[in-house]
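Take a look at the structures listed below.
Look at the two complexes coming up: subunit A is in both, with subunit B in one and subunit C in the other.
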Partner chain A sequence: MTWGFVVKGESMIDEELVQLLTPEGQRVAHPDYESTLDGEAIFALYRDMVIVRRLCNESTSLQRQGQLALWAPIQGQEAAQIGAGRALQPMDFTFPTYREHGIAWCRGVPAQDVLRMFRAVSNGGWDPQKYRHSVPTVVLGNQALHAVGYAMGIQRDGAEEAVMTFFGDGASSQGDTLESFVWAASFNAPVVFFCQNNQWGISTPSSLQSKVPLYRRAQGFGFSGVRVDGNDVLAVYEVTKKALDNARVGGGPTLIEAYTYRMGAHTTSDDPTRYRIDAEVEVWKHRDPVERVKALLVHEYQAKGAAFDAVAHEAETMALQLREDVLAMGRPDPITMFDHAYASEHALIEEGRREMLELGISGGVH
Partner chain B sequence: MSQEIFLLPDVGEGLVEAEIVTWKVREGDVVTLNQPLVDIETAKATVELPSPYAGTVTKLHGDVGDVMHVHEPLITFDVGTASGDATPATSQHTAIVASDTEAPAGEGREAVLVGYGVANEDGLATRTHRRRGVTSTPLATISSASTPVSTPPTSLAPRSTPPVRLYAKQHGVDIESLTGSGRDGLITRDDVERALRADAPQDVSVTASVGSRGALNTSRFVGRDIESWATGPAEERIPVKGVLRSMSEAMVQSAFSAPHAVVWMRVDASATMELVAGLKTRPHTQGLRLSPLVIVALGLCDAARNFPGINSSFDAAAGEVIVRRSVNLGIAADTPRGLIVPNIKGADALNLIDMAKALNVLVEKARQGTTTPNEMIGTTLTITNVGPFGVDAAMPILPPGTGAILAIGKIAKAPWVHDDEIVVRHVVELALAFDHRQIDGALASRVLAHVGNFLNNPGVYLLAG
Partner chain C sequence: MATTTMTMAKALNEGLRRALEEDKKVLLMGEDIGKLGGVFRITDGLQKDFGEDRVIDSPLAESAIVGTAVGLAIRGYRTVCEMQFDGFVYPAFDQIVSQVAKLHKRSDGAYVMGLVIRLPFQGGIGAIEHHSESPEAYFAHTAGLRVVACSTPNDAYWMIQQAIAHDDPIIFCEPKSRYWEKGEVDLDRPSHGLFETARRREGTDVTVIGYGASMKTILRAADTAASEGVSLEVIDARSLSPLDLDPMVTSIQKTGRFVTVQEAPHMASIGSELVAELTQRCFYSLRAPGVRVSGYHVPYPPTRLEEDYRPSVDRILDAVDRVMGFEG
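Showing the complex of A and B:
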């Protein structure tokens, strides 16, 4: 039993934390970064965040109603994902984990496709090449290796593209992640490692598995690391854009630690009240990523209630559309599970497929 | 109209069952899509289930404490449509949203599906009328004398639902005397409960008792409604589940491992009453429920600071006594679910205002049934307040793993020797039960005397420490 409760992230004051917008919605200056976005662009980021939050809420409800097997909520991490997602260029490639619904949104993946895997009707959900966004890697940290491999491919093609991969503070402890740091540094690969430090690896606090701030790890591998206020969408956008630009022109990898907080459960199978205290969540409520942008839009750009209402309305419409789309999803023919196991034909897979057909286990329910 | 049954889903990847912790709706309630319905506890987590339908709850298939199997019926809804087709609440989203702003009369029903807008209420009300066969006659004009022969007998009674009628009957409330606050004057369970509260005696200001159903309710037992003496069976067996199971296991564990002893004293709490009354007049305490319990809580924490040994527990397995220099102050709360003991973490560090706020939050969450498991673990000292029930004192049993529990009786005017004269003062009886394995009578007495002095001179203790 835990007796000494400590509020995680209480000492967020960090001189190296890049922040351009305070939780109160006030702009602050930073020596290395300056916001380049106009009011319209900032409003677009606000809209993105409201929509992905609403879609996420609907997805949680769908899981609680037995319509999804599992869901990993993003509440609290909207700015980290939208800021990073909107800093990407169309031809950049991204390798997500299972909580990057905001990135998927920015890449243009239809919301319902994001839910296919969680409804267990698809092993992935979309064509990675079409959206330049890989399917979610559930194995922790594995996608960092995929990303570095892809980035090395870009180098060999001589293309001016960058790769970004996403993982959390928990996965930062994985061997795969750390090995990918070594390879990225050794080959100066055009990759951005985007770590969302949401303070909790399921029930393990970030402070326990990382005795130095995560972004400082990069230095030991030989590339630069930066800690950004992950709840400040303006700062995340600028920091990510600079890192991607740097990667595209041969500047090598960057580790970005987006310092944020997972407001909800790890997944719908988790109960965070068992391991963290309400006071901690209360502290982070005051750092909400959406509210600070709204405050900025009101006092600096005179945005009106009607504009915000329109976004809320749009988000509501999308949530209901998502619900309808999910409920209408048919069950796949079991035989399709062999379809994308390998890119080309494979003797063992063919044998499995043939056996299944012979057993008569086929036929989808639509 | 049509019926939809919500089956208990597997909310945690391979679970087979879940226990009902709290119902957030009642039979007869009209719910919106995604409105919270129930808290269930699985092997992995306590989670809230949102409604998959918009409609009327017609049946709850289990009681609090029941363990339900996954894919068993949990709730039946009437998601009625005029055409009788079983349209899920989820399907007509375009129309739903359109009606939010436009509210076209012809599409009123769709608006009901997400529960906002004006047209939706009309749509539902129309359907309700049709079901009752009283299409448009205002209720007030119907009397037993003038009832048309063709009107079904049900329209004689005030409009309500069968479960609410039963509830009113069980609690001795004359449903005919009530004015309905629901749609079209429908008498809801809330209306019955309001009537019960109005009949109940005024709450004493010192109270941690929450969710009281009033004096007429004599049938609340182990967190459930039981039938009255007259109507119930001669013998009834109630399964030991949920909060009842927690309470029984905790009490047996404590009573037969910790040897209990008790010290008690009567205290002149007049200064405490004056202090609380004075505080209530200050502008920065407005909106805050202030009661002598706040001062008792501060007094007990102050006693722990002065005598840390009282804030201890006996770890028999380790052969050690654990002294803790932080108080997690448990408050025994009588809730609709039964007795629970949520605690205020780090209560010794709180000033008067923060203590009052923390108690307000604790009581409110207990009342609403939103207390989390985390808030019920780690208690080090406990207060149980039996005063609101009108009794003078109690000999409480320790929550397992704690060193002491303080019982407060009612604060009442009584003759008291004050400045060598017999005068009327506010007097309260305090009793401190303690684990005699590590705490002896001398320490317990000093602690209790400290609390008593604190209540006697709260100003001095609060200002001078």
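Showing the complex of A and C:
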């Protein structure tokens, strides 16, 4: 089988791809979308991307040093996540997988909370109602149905809010994802399906997940699909904003396929050299999402080195802080495993707690 | 005391109606539950009275019924999901086990998974395959879920309301073969809490524990046994997770013998759990090991054979004879 080794060059990219910024940082026009962001806003997106990339790299290091059980890097997908995340309104709600660190950043989830699951001290990590960002979903596809259900609640409340859920080219094959398309279409739910097609589901190429460009699937379910250059933060922002605006006013669901690339491994447990070639990675290096915005900021807004240095310094400081916070994250008291297993009293929970206390396994703090 | 006579189907319908009236956040969702009123007519007339937004006819996909109910729960709604038949719940198994059971925990209590999954279960209606199963043990095994089973119209009326009001996710098992049987319903107050057993008959020789459709069979067996001079104490477990063991222990301390009855095969089942727990708790009171009466370890048979598969009066009495005749 050789399909995994096809280098995905420009010719692979659909002509319907929405792009507002070339890999070289040149603006391009699109009939349906134009960038509404000023220099300051674009610089803010640049800052977001630099910070989440730096925090992601720090997390990889922490895992390599034995401080995290696992890490799922987002390198290469920063524009997809920051563009989508910054298009959200505060009242919107998001349903992620385990790789939406950029979205979590945009929702205000503290970086160390994102790492709780990866340090294996929690199976969640943050208060999803507070940040309006659901806890990580590891069984992929499940979250798409939660998003549609939540959107049905918005409809019943008569609220002008939207939901966005995230999945990848891999989970696009899951039954739950496709059922969520049916439900969203039939009930006209205010939901945006944000698919990051990063080309690889661990070792499985996206060509095995779908024989048609993923965004075209939406049409068969009765709603709009759009393919956006997932490494172009300006395009992702505009495409997502339009889809969310449309959902909030009763326009129904949209499927966004952010065409991007997973530059790193699936997780720190993965070895991509076993299934993909360096040449493919090289091609995508030239489409780096951070560099193209930086180029735009330099030539169009005359951004100076000092501004970029300041962001780099800020990211560095945050990475050090993250490291400190993670190292301070101790093993929870075992008795906490019984907390919130149920919302109310349960005989087996009491039995377990009692046994743990009797055996002296727990300090009894909970 | 306002009591009235109605079928279990009607009692469930009235219970759902009252829940819909009392809490605007209560929704019903399932296949064919609107205009048709469900294949068993449990939701008959409810869409007409409460509208399509609250009594939702869904597309045909069980995982989505449960998965969207999870999202609705996160938004503060309490959805009663109807699985059309027991054998159709498996497409939703992933959502139930991976999400419904775990999200309260995973969110550190921020999400209240207040949803009910109604499951017409057990056999006895002469249906084709996948319409007569007893999957309760799969769910009872899963931490984070609660599982209950009604056996009378009165319980059906109250337990469905109690389940909807409860903050934990509940698998609500309805013995479909008893849907059309009538009983007294007290419209003023419930006889028991949702997670409590009910003693259906007092006796002195053997404690027989069952749930759902088996209760009626057990009570018939108790009549026969009485005519033969053996006194059975009959307990309706009602709650399968958690089990309300104390009343069973009290009963067995009196009788010294017990039998469990269920339609599901006994391997890793509710009956197995009862025998383990009750043996441990009643060891010094027992005059015989507990015996399980159950379906056989085969796929549910073609229903021309189902009465030879489901626990019958004879098989229950045979088990009673075994514990009565046990010589340690």
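In the analysis below, the second predicted complex is superposed on the first by the 330 of 366 C-alpha atoms of A that agree within 3 Å, B and C clash if a C-alpha of one lies under 4 Å from a C-alpha of the other, contacts with A are read in each partner's own complex, and residues count from 1 in each chain.
In this text, a contact is a pair of C-beta atoms (placed from the backbone, for glycine too) under 8 Å apart; a residue touches a chain by one contact, two chains touch by 3 or more.
None of these values were measured; they are calculated from a predicted model.
Considered on the superposed subunit A, subunit B and subunit C are sterically compatible, since they fit side by side.
In the superposed model, A:333 makes contact with neither subunit B nor subunit C.
Of the two partner chains, neither subunit B nor subunit C is touched by A:113.
Touch criterion met: A:273 reaches subunit B, while subunit C stays clear of it. In the superposition on chain A, A:291 makes contact with neither subunit B nor subunit C. Vertex at subunit A: the C-alpha centres of subunit B and subunit C lie 120° apart in angle, rounded to steps of 10. Comparing subunit B with subunit C, more residues of subunit A are touched by C. Using the contact criterion defined above for the overlaid structures, shared-chain residue A:175 touches subunit C, although it does not reach subunit B.
This overlay, made by fitting chain A, leaves subunit B and subunit C with a least C-alpha separation of 20 Å.
Under the contact criterion defined above, no residue of subunit A touches both subunit B in one complex and subunit C in the other. Residues 27, 53, 58-59, 61, 63-64, 66-77, 91, 94-95, 98-99, 102-114, 143-144, 146, 166-168, 242-243, 245 of subunit C are the ones touching subunit A in the complex. Residues of subunit A touching subunit B in their complex: 1-3, 5, 58, 61, 63-67, 69-70, 265, 268-271, 273-274, 276-279, 313, 316-317, 320-321, 323-324, 327.
Interface residues of subunit B facing subunit A in the complex, by the touch rule stated above, are 6-7, 9-13, 34, 44-52, 88, 90-91, 93-94, 96-97, 100-101, 114, 324, 326, 345-346, 372-375, 377-378. Chain contact summary for the complex, subunit A toward subunit C: residues 93, 95, 122-124, 127-130, 134-135, 137, 139, 142, 144-157, 163, 175-176, 179-180, 182-183, 186, 339-344, 346-348.
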